[in-house]
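Note that the chains are named A, B and C in the order they appear, and that numbering of residues resets to 1 at the start of each chain.
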Amino acid sequence: MVTDQRFFRRNGPYPLGEIAKRLGAGLSAGASAELMIEDIAALDAAVPGEISLFSDVKLLESCRKSRASAIITSRKLAEVVATETPLLLVDDARYAFALVGHLFHPDPPLEPGVHKAASIDPSAEIGEGSQIDAGAVISAGAKLGARCHIGPNAVIARGVVLGDDCHIGSNSSISHAVIGARVRIASNVVIGGPGFGFVASPKGALRLAQIGRVIVGDGVEMGSNCTIDRGAMGDTIIGNGTMFDNAVHIAHNVQIGRFCMIAGQIGIAGSAVIGDFVVMGGQVGVSDHIHVGRAARLAAKSGVIKDVAAGESVGGYPAVPLRQWHRQTILLRKLLGKKEV
Amino acid sequence: MVTDQRFFRRNGPYPLGEIAKRLGAGLSAGASAELMIEDIAALDAAVPGEISLFSDVKLLESCRKSRASAIITSRKLAEVVATETPLLLVDDARYAFALVGHLFHPDPPLEPGVHKAASIDPSAEIGEGSQIDAGAVISAGAKLGARCHIGPNAVIARGVVLGDDCHIGSNSSISHAVIGARVRIASNVVIGGPGFGFVASPKGALRLAQIGRVIVGDGVEMGSNCTIDRGAMGDTIIGNGTMFDNAVHIAHNVQIGRFCMIAGQIGIAGSAVIGDFVVMGGQVGVSDHIHVGRAARLAAKSGVIKDVAAGESVGGYPAVPLRQWHRQTILLRKLLGKKEV
Amino acid sequence: MVTDQRFFRRNGPYPLGEIAKRLGAGLSAGASAELMIEDIAALDAAVPGEISLFSDVKLLESCRKSRASAIITSRKLAEVVATETPLLLVDDARYAFALVGHLFHPDPPLEPGVHKAASIDPSAEIGEGSQIDAGAVISAGAKLGARCHIGPNAVIARGVVLGDDCHIGSNSSISHAVIGARVRIASNVVIGGPGFGFVASPKGALRLAQIGRVIVGDGVEMGSNCTIDRGAMGDTIIGNGTMFDNAVHIAHNVQIGRFCMIAGQIGIAGSAVIGDFVVMGGQVGVSDHIHVGRAARLAAKSGVIKDVAAGESVGGYPAVPLRQWHRQTILLRKLLGKKEV
């Protein structure tokens, strides 16, 4: 594979020895430190000059057939593959390969400055080295840290605070939010919308005043089209290092811990509390006020209507312990096999 | 809790007596009508000077420990709590508290006028007192009522009609729509997109001309990232006072009645008809051409593939009467308990 | 029904004989070729001067009562309905009606030119006859074919390629993409966002460099608020003529074949491979690395965690062959009937 230069800049090439040094990696016997590496690629797609990853023994044949000029792997897998291709030997091959990916393909450098077609309120503060693209709107009292990038037509509403090194994607709408450093928001995301909280009234449903905020920790990343509502009273909180895939919906007053992985199209209802290191598969739904304990795992498409203990794995609708869900599935199949229905 | 002044204006303070008068509330014995109230807060979060809500006997301890200077409650709960904190006694404490929330935190006042970075077609009509923000685009023949607010980078396409006092959030796209008064649309919503209707053709699927509209009643509110398709022939219709959470998808020719509550990530397929006062939980799916009767309730994540009678509650996938769904869940658990599978 | 002229232009009127000629249709006995037809409408909604469709014998009564001046139907149904209303007799009535719909209601003609409030990078190439609306942003190196329409506030990022006759809706964000001809993208769609791929690292999850693209074939159409991530390494691929409803989420490295129908709120996880002519109902989820064979059918809300063979129909969560899923549902109902639980 050669990356498409219309979309991606590529640093390098780098000598294999320099890559090894940056990773703290060993070189396999006979590998030349002077070998020039130009890009990364998957085993199957690699062409000479590229470096690839072998971290899964199931890909042994792909590894042996790969045209990559060098391969990052673990010492243990290196013994299995027994190839003459130069190897970089590391403890954690996937992590090392990720680092090499960013070495060749760092985020594009900022082009500091404010595009003439952006609208910046005079009272907004914009940190040094920031890039504000065409059509972006930055409202009164907003405070952006250093080296922030506000994409085209993104809207930063009144009073929003961004830490240093944040990226807000095109057409995103950010309001009522205090956002940490190194937060990356993709396109068409909405942060700070009004929560879905109502009381019955003589004239139909009356929305409760939604006067809380969204607090986003450092290093959080969100995919496209996510929606994170602000708190009703009190705040919606996203912990440091938590990652969201696309189209995730977080209701008002939800609290999500640190380093969670929230897959696509998940919905978390109001006031749910999610511990640190929780992993959720796509399309999961979590009911309001539910507690999900630290490091729990929710299988894709689960409907969680009861609290989940720390470390527990659940699945199904309604969600039950994962093993129970699998047994249910098997039971139904067996029952059908036994009787004509 | 003190609301964050960067995001929310706060009216007041108000003497307790004035609040009582506006609510038609009674004051508990010994409560001073001169007591100044500065903001609202939840029982746990309140600090002196704030007024809170006690409407759920489960929060009795929180009520007793609350630092709030005054509490809104019902006469009945007032007897239970037996506190010396000044009380406002009303029939419907939650509704009263909602009113007080809007007293302290009314919607921010409009700043009438058209931002210089907005693009308004000369043939568009904009009602008196409206606010058009930076980057907003208002196309030919659009007609906006009085006191409308069009957020930054929102797009109002050709011919769209908005009633008085509408709010269209940032980055929303409105087309082919006739919208009533007091409608509040959050950010990144799409109203009026083409429906998913095709016929097979020798060259693959051919989209049917989508020449209907979206008709939105008075007082409707929609959360962020909703998508409401226009009718194919005829209209997609949303009744007065119906409320949508985030990321709801409404297909072409759906008819939704009045005062429904449509939670997050729900999808309603083409030509479904939903009666008045229907309540749907998050992630529900309703198949095309289904009828859901007045005041029916659909449990979160239900997959509704048969008509639902008025007043009925359903859940599950496929959805069945709610009690049957719960019994299924229990049955499966019991069957698993009895046999090794 | 008369289409709302605020939103839709209407060509015509056309004499019935000309419509017949364009369709290659026969006229029923006694039908006048000079009869002027002004618009299309459904059987129930038609008024005199309009042409309607009768393609479903269940609508026989509607057909007989219709006030339409002419009706398109098959020779076979023509015998059944035995009406004196003039008929256009064709082999495929639905397809013929679709063609007539586009005859009366063609896409609005482009208004070529660049709005003064658009921002076009000097290095971008814009094909002849294209229309670039207010607030649109077209970045460095982008190449648009002839007769493209870029809606208000849409963002075309660096290097993006569009074929001829593409439409990009308002507030959409397109990056890292090579898009074919006659592609129609609705509003607030995101194409080219970063995929959800991470490795664990000492500082929390580290996103893998996402250095692939999105390749979109000819004639693809996408509804509002879809999100299509670019490949991690290698590309995300959408085949010719595949149609997406609203709010579909396609993860990195997914490959979708030609002429698929992907309904609303579907999510397809990373590296899944979907064959040609696959049909998926709303809210389906497909797990990562799954293969779905040619012309398979996935029932609405299915959770697909195993490969699906070509031509197979599946449903349920987890998805099983469709007949098995229906038998499960019946079994559960029967078991509940037999025992008190």
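Couple of notes before you dig in:
Note that in this section a residue touches a chain if its C-beta (ideal position, glycine included) is under 8 Å from a C-beta of that chain, and two chains touch if they have at least 3 such contacts.
These figures come from a predicted structure and were not determined experimentally.
Fitting subunit A to subunit C on C-alpha positions gives a rotation angle of 120 degrees, to the nearest 5.
Where subunit B touches subunit C, under half of the residue numbers in use are shared by the two copies, so each contributes mostly different positions.
Subunit C has its Cα centroid 29 Å from the Cα centroid of subunit B.
Residue positions of subunit C touching 2 or more other chains: 117, 135, 153, 171, 188, 225, 247, 265, 283, 317, 332, 335.
Subunit C makes touch with subunit B in their complex at residues 1, 3-4, 6-8, 40-42, 45, 92, 94-95, 97-99, 101-102, 104-105, 115, 117, 133-135, 151-153, 169-171, 186-188, 219, 221, 223-225, 240-241, 243, 245-247, 258-259, 261, 263-265, 282-283, 300-301, 316-317, 329, 332-333, 335-336, 339, 341.
Here subunit A touches subunit B in the complex through residues 117, 119, 135, 137, 139, 141, 153, 155, 157-159, 161, 171-173, 175-176, 188-190, 193-194, 196, 198-201, 203-209, 211, 213, 225, 227, 229, 233-234, 247, 249, 251, 265, 267, 269, 283, 285, 287, 303, 305, 317-318, 320, 324, 327-328, 330-332, 334-335, going by the rule given at the top.
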